[in-house]
Amino acid sequence: MADCCRHKQRSAEEIKALKTRLNKIEGQIRGINKMIDDDRYCVDVLMQVSSVQSALNAFNKVLLSSHIRSCVVDDIKNGNEDAVDELCELLQKTMK
Amino acid sequence: MADCCRHKQRSAEEIKALKTRLNKIEGQIRGINKMIDDDRYCVDVLMQVSSVQSALNAFNKVLLSSHIRSCVVDDIKNGNEDAVDELCELLQKTMK
Amino acid sequence: MADCCRHKQRSAEEIKALKTRLNKIEGQIRGINKMIDDDRYCVDVLMQVSSVQSALNAFNKVLLSSHIRSCVVDDIKNGNEDAVDELCELLQKTMK
Amino acid sequence: MADCCRHKQRSAEEIKALKTRLNKIEGQIRGINKMIDDDRYCVDVLMQVSSVQSALNAFNKVLLSSHIRSCVVDDIKNGNEDAVDELCELLQKTMK
């Protein structure tokens, strides 16, 4: 692991759950790509895009909750509130 | 092509543009998967997820505009307003 | 009515339905304002904000569907596709 | 103040800032109501709705950040992680 990046140790179980979600999303994107190859009707493609957006959103919530429950809570307990600033910035950027 | 599915003929140019977007999104998803393998920090992963959501949203808008300008307009001109019902239903389901 | 603005004739029933929704939303906003006066807990206020966002979103979808079914369809039938350009622009601006 | 509700003491400055935002949003909703009375064109109404959604979203972010920086941080420091569970639940419900 490079020194340039921040890291987080996750449990094998959490890693597996996150990767399962991402693999499924990657498969859905490939499926949409194939729908374009097959000249499929726009509305049917758009419904699949909507399904991927929901799956990404679910991934986002799982990872965000895990982040708050571990990194943010630990930092606060250690008297370091940088994680709080960073969380608020992240929510500013990502909440629509 | 199976008879079960509705189709739409797109120009070679449009197909290429749509597939370029999807290939990029697929690469981004693989990149996030690798970030999980590399134990990367949650906030850095979440920023990448946000970037994929924007890219999917842009894909969605491009395809939706093309759908309205071609399928929906053509159907209305042909006196068939099914595409209008379907568009309204699609927007009901997908607008958050 | 001023000449500067574009207009649309809506049925008395549609106007009533739209205004009922807006009056309810205005009441909800006043309710949130009162919650701030009463020093109510953040999470309880935020849940109310979420409820207003859903109500506004529902208003948006009702008006957008009505717009597509009337203005957009009529313009296309009259050989004027300006409403199509405008609809696509609106969706570009408002879909998140 | 009733015993039934949870409360939070906010500074006079924060209360004023929150109420200024809410008063502006309430005025915008009344403005949209007037646009319906005046038979204004759908797209012009929809652009105003989009502007209110942005204003509500900004209010939401301001209050959420304040909540995290005060209630959530204080609870964690006091060894009470209920606010963490509640924050995660709130984000689950409200992030689209």
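The first chain written gets the first letter, and so on, giving A, B, C and D; residue counts start at 1 in each chain.
In this text, a residue touches a chain if its C-beta (ideal position, glycine included) is under 8 Å from a C-beta of that chain, and two chains touch if they have at least 3 such contacts.
Because the structure is predicted, anything quoted here is derived from the model rather than measured.
Q: Take the average of all CA coordinates in chain C, do the same for chain D, and state the distance between these two points in whole angstrom.
A: For chain C versus chain D, the centre distance works out to 18 Å.
Q: I'd like the Å distance between the centres of chain A and chain C, where a centre is the mean of that chain's Cα atoms.
A: Centre-to-centre distance between chain A and chain C: 31 Å.
Q: Could you tell me the distance, in whole angstrom, between the mean C-alpha positions of chain A and chain D?
A: That gives a centre separation of 25 Å.
Q: Scan chain B for residues touching two or more other chains and write them down.
A: Within chain B, residues 57, 60, 64, 87, 96 contact more than one other chain.
Q: So with touch defined the way it is at the top, what topology do the chains form here? Options are line, ring, star, complete, other.
A: ring
Q: Per the touch rule above, enumerate the chain pairs that touch, sorted by label.
A: Pairs of chains that touch one another: A-B, A-D, B-C, C-D.
Q: Give the list of chain D residues in touch with chain A in this complex.
A: Chain D residues touching chain A: 57, 60-61, 64-65, 68-69, 73, 76-77, 81, 84, 87-88, 91-92, 95-96.
Q: Which residues of chain D touch chain C in their complex?
A: The contact residues of chain D facing chain C are 1, 5-10, 15, 18-19, 22-23, 25-26, 29-30, 32-33, 36-47, 49-50, 52-53, 56-57, 59-60, 63-64, 66-67, 71, 86-87, 90, 93-94, 96.
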